[in-house]
Amino acid sequence: MIIRPQLHWFRMLLAWRGSVLPELLPRLCLILLISLVALGVHDHILKITVNVSTTPFSLIGIALAIFLGFRNSASYDRYWEARKLWGRLLNETRSLTRQVLTMPTGQIAADDTQAFVHALGAFAHALRHQLRGTDPSHDLSTRLDPAVFERVMASRYRPATIMLWLAEWVQRHARDGKLDAWSMQAIDRNLNGMSDVLGGCERILSTPLPFAYSVMIHRTVYFFCAALPFGLVESVGAFAPLFSVFVAYTFMALDAIASQIEEPFGTDDNDLALDALSGFIEDAARDLLAQPQLKKVELKDGYLLT
Amino acid sequence: MIIRPQLHWFRMLLAWRGSVLPELLPRLCLILLISLVALGVHDHILKITVNVSTTPFSLIGIALAIFLGFRNSASYDRYWEARKLWGRLLNETRSLTRQVLTMPTGQIAADDTQAFVHALGAFAHALRHQLRGTDPSHDLSTRLDPAVFERVMASRYRPATIMLWLAEWVQRHARDGKLDAWSMQAIDRNLNGMSDVLGGCERILSTPLPFAYSVMIHRTVYFFCAALPFGLVESVGAFAPLFSVFVAYTFMALDAIASQIEEPFGTDDNDLALDALSGFIEDAARDLLAQPQLKKVELKDGYLLT
Amino acid sequence: MIIRPQLHWFRMLLAWRGSVLPELLPRLCLILLISLVALGVHDHILKITVNVSTTPFSLIGIALAIFLGFRNSASYDRYWEARKLWGRLLNETRSLTRQVLTMPTGQIAADDTQAFVHALGAFAHALRHQLRGTDPSHDLSTRLDPAVFERVMASRYRPATIMLWLAEWVQRHARDGKLDAWSMQAIDRNLNGMSDVLGGCERILSTPLPFAYSVMIHRTVYFFCAALPFGLVESVGAFAPLFSVFVAYTFMALDAIASQIEEPFGTDDNDLALDALSGFIEDAARDLLAQPQLKKVELKDGYLLT
Amino acid sequence: MIIRPQLHWFRMLLAWRGSVLPELLPRLCLILLISLVALGVHDHILKITVNVSTTPFSLIGIALAIFLGFRNSASYDRYWEARKLWGRLLNETRSLTRQVLTMPTGQIAADDTQAFVHALGAFAHALRHQLRGTDPSHDLSTRLDPAVFERVMASRYRPATIMLWLAEWVQRHARDGKLDAWSMQAIDRNLNGMSDVLGGCERILSTPLPFAYSVMIHRTVYFFCAALPFGLVESVGAFAPLFSVFVAYTFMALDAIASQIEEPFGTDDNDLALDALSGFIEDAARDLLAQPQLKKVELKDGYLLT
Amino acid sequence: MIIRPQLHWFRMLLAWRGSVLPELLPRLCLILLISLVALGVHDHILKITVNVSTTPFSLIGIALAIFLGFRNSASYDRYWEARKLWGRLLNETRSLTRQVLTMPTGQIAADDTQAFVHALGAFAHALRHQLRGTDPSHDLSTRLDPAVFERVMASRYRPATIMLWLAEWVQRHARDGKLDAWSMQAIDRNLNGMSDVLGGCERILSTPLPFAYSVMIHRTVYFFCAALPFGLVESVGAFAPLFSVFVAYTFMALDAIASQIEEPFGTDDNDLALDALSGFIEDAARDLLAQPQLKKVELKDGYLLT
């Protein structure tokens, strides 16, 4: 995710990174070419045979508005729901940390409590790696006991296995008499919450927007943009290339932004900053243990990557 | 459900499967025919008597935008709610598995725990069969004890009967003193969650969009598309067939996609992949028991059917 | 509610029942008449004095789109929320049945349990009768004990009184020591859920869309439709009656459908099938007791009324 | 709130009360005047110097549609959320009444239970008075014990103080051993629910739509309506006054309705009927005690004010 | 936040503060200048070479409507969710205060209860300071014990540390036998609620709308507004400057308002009044202790800043 907070309104007009312009440039050049062709044949060929008014474009515009408006909302909902799930993970992590620190009726060894809290951090990292299909072994090995680490790496759904271990930790101390049944249930409720986060992320990852939508939106946008110069050349003449390229840019950009954020767990410029988020969650838990921060978030090229 | 992740933007323009084009082809040919007729009579008949401008089309367009926009959102909401319910089933299944593994205060036989977890898997399969109206006997017989299987098959709402058996399992162990009252309630809460999933799916299945909407949307779309060539022939002349067919395609496709996903439990290209989902839910529960996967999800013709 | 599943796309164009066409026919004839008048005076009077272009219609169209789009969504939300509430009633009924069957620590007489479950069915019927303002005595007398029946009929809010009796049932068995405090609370939570369903339905019934909306939408739609022929006669000439009637049909139908579903508890073609729903809820509870179905849902004239 | 259920579609066109027409009449007369001026100067002045086409109006129309559509939804959401909160208050009131009637393990004096239930009714009235800034002393003095009444009137947030007293009632009986810890918690959950209702209503009351929206919507609507006659006079000539006034009416009415319902606790025609609602909530609680209704809701001038 | 309740509709047209006009004035002057240039070259240059019709503007208008409509809703959702979170903080604060006052089974020293309630107030202030990046030491030092204050100031996430202290307070009294396990859990649930509020606010603060949207909306709005005069000069002639500036004002204002409220924790005119809100939350808790109000909310220049 790219954040440049409080950019001046004029400088924002010139933004390059994160503006999907780099990605669209080749296609816009194509539109420009088509416009010039349209302009060229206008006086010599087009006018004689038939005039293409802008009427059909406003009719396609209805479908386009429905398609793009819908896709835009649906993609953003996916993005924002994903962000909410990670936010909820932070809340559950903090709540669980608070609970294991204040609920035990007997004394639990500081080491043991730390192992629990570090496993919470490991959960966030394991979830990130599962969602991005990357290798979690480095991040997990430094946060889990070797035996737990082996067991987690051997399982198919690693975050779920970490959660099972957390529940076993609770059971162990419940049998020791250090956690009463009440506390066990309170913790169980928050573990259910982590389960919801895990399942919610898996749902967003495994179920994209129905394929037919993507196809139709693409077709409508590109047909519209390719035919547009022939319509505009009649009504705005020599300005047709300028307007064609600009209109094409706005529609293609809508399509491209939505396509980036509809899979919010990727590594595109506008995707969620899972690295920073999992670090932040871990840090929030460590702060309650009065432990120092592991890694600072840094600026890159003046952009804050959160 | 058809998934072709990260298709190049250009190749997506040419997608055939899952694009509803095969279904619409005959109707689009009809529109093409009407366009050619409109073009033919234009100079000889139409112009003399009366000109059909595109004005009324933009007025119908308002109604069309409301109808299609609404239907599109409502259908997608049904689709996404159905997906969320199945996602929640995964969460409840995982939570229940975790609970029966870590909550008992005394030792429960591994076989007995397995029977519980396998019944959770059976629930997912039974729900899928109920929603699709298919025969669950094969899938249930391999996952349930013969006695339970008989009883489930004899009932009218099979997933609910499986759930009743799960609750009886809990009661049995509560009376044995292996589960305390706290744990019984925690499990009961998650069983309520499964009840919500079951009821939610039944609701979506049994209550389609009000019939009047489907009728009106059909009528508006098809009247619009059939009359369109006569309007376009005036303003774009020989290009009328091209534009008529394209505009008709976009509107009919919107109608067709929405009509596919509004019944998300079917077996259309864009429906939910209940086979894969129920397999996935079962696999997630088995993973917590450290049992191997039953069946792998495979690619078909380069398409990932999840 | 009228359901004709999987109607062929062409036959749907000709649907009569449930399409609000019967209701609108007289008004559409009026629009036809106005169109013919507009066509008649066009050449002789209108052209000389002043031409009515379609410009103002597209401006009214903006307001119309906002009004109808909003009303449509708001009405459907009411309809769908009402359906969700009834769906939730099913879930709570099933959960409560499961709970009274599996939670008691001591044996409760089968008759007593049945009385509880039948009262759950009575709740659904009592709610239906309250929402439709019909007489519940027949349905309640067959499902409740005579003493309970008397008390329920004497109260002003019958479903609430049934719920109070359910809570007393729980209290009686809690005092007998057959239900522990935990179970009492678990049941209490689901009774709260039934309370939410009851209150939610009463809310939808007693608070329609603000009156001012209905008035404004009516005025805008009917003024628009009545003035439309004079605008269209200029641009499409002899086709004005055809287009006027069709455009009027789409807008009036939007208004009429929304007005049907915004009061979802009525008996219009597109309202909720409360008869079938309350029967279904009762049947789901009886199935868990392994009791046979009371009444089958039947087809009428080829229409499935669910 | 004005309700005239099942008004004939034709008579609804003529509705006066509740239609915001009375409020808008002076402004519409102003628009009529402007139209006549525009019509007067049209042939003599306007045509010579410059023609004002309707083009800019459709561009302003885009902004207008976004502004009014947004404001309309946002205002209705506030209205409907407020209604939901009051509906939830009914549910919590009924649940709490059921709980104090069926949960005690020992006998609580009927008087004492009544005091609790009457205080629930007092809560609804106190909330209404706080939201409307009116004097609650009459309604509270008849429902609360004198000592409690004194204490409530002395506090700054009266409903919250009543709720504190309810919690003290529970504590008193818990210490007497008549309510066990379980019941205390169940009741506490519903008291939390009342807390949510109270806070939710205060939120809606204290945070209107951002001021900038109201300003912008006003400016856009009134500039649009004042300039419209000059645009319409060109395209519809002598009909300009008719259309100008009608279009102005629809936009101003949208603005006026939204402005009424965005503060749903007021006493405008389309605001929530808090009098009736608080009476209804109280009545529902009294019904469970088998007490008679305090006050009937009546018709006024043929309008049902609920 | 600026509130001027019940401003007369005419005076609202002239509002200056809070109307984003001051901020936009320089840019509107630029648009005016461009309009005058367009008007100047119109007869001499533009007409000869090429005419720029308003056609392309209505096509850009489609994209603009999608972008601005989406951004507007998304920003308002962020604003309203932030307000809901603060409203929920009020509810949790009140509930926690009620709980510590009425749940203890033994007597807790009034001082000790006060320390708890004052820490709740400190939480609200600490959250505000964290969200605005301001120094909390003054507000916290007056509400927390010196030892707690030191510890809170030393931590990275101060509100979370205060919450940990609240949980320790509960644990201390639970070990003393003054709070039973039930009450501890009830309080824990509400502490979880505060955790959700904290995490929710951090989420809104740390994740703005995807950067690409802001860039695209800016580009589309400013290109549209800069090109508009050349389109309008053709159709409305000398009125072009008037309409250009007004249309530009509406679109730029939509952009500017959304940009203010999308970061609701700032100090812009239309941001949330966190000062007043945290004071209000504290006051509501103090009222339940029958303590006087700390600070009155005051009017400034006739504006109510809540």
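Residue numbering begins at 1 within each chain, and the chains themselves are lettered A, B, C, D and E in the order written.
The rule we apply is simple: a residue touches a chain if its C-beta (ideal position, glycine included) is under 8 Å from a C-beta of that chain, and two chains touch if they have at least 3 such contacts.
Being a predicted model, the structure only gives us computed values, none of them experimental.
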Chain labels contacting chain B and also chain E: A
Distance between chain centroids, defined by C-alpha means - chain A, chain E (Å): 23
CA centroid of chain A to CA centroid of chain C, Å: 38
Chain B, residues touching no fewer than two other chains: 58, 64-65, 69, 182, 185
Category of the chain touch graph - line, ring, star, complete, other: ring
Complete ring sequence of chains beginning with chain B, oriented so that chain C follows: B, C, D, E, A
Residue ranges of chain B in contact with chain A within the complex: 1-5, 7, 9, 12-13, 15, 18-20, 54, 57-58, 61, 64-65, 68-69, 72-73, 76, 79, 83-84, 87-88, 90-91, 94-95, 98-99, 101-103, 105, 180, 182-183, 185-186, 190, 228, 232, 235-239, 243, 246-247, 250-251, 253-254, 257, 260-261, 269-270, 272, 280, 283-284, 287-288, 290, 293, 306
Partner chain E, residues of chain D touching it in the complex: 27, 49-53, 55-56, 58-60, 62-67, 69-70, 74, 154-157, 160-161, 163-164, 167-168, 170-171, 175, 181-182, 184-185, 188-189, 191-192, 195-196, 198-200, 202-203, 206-208, 210-216, 218-220, 222-223
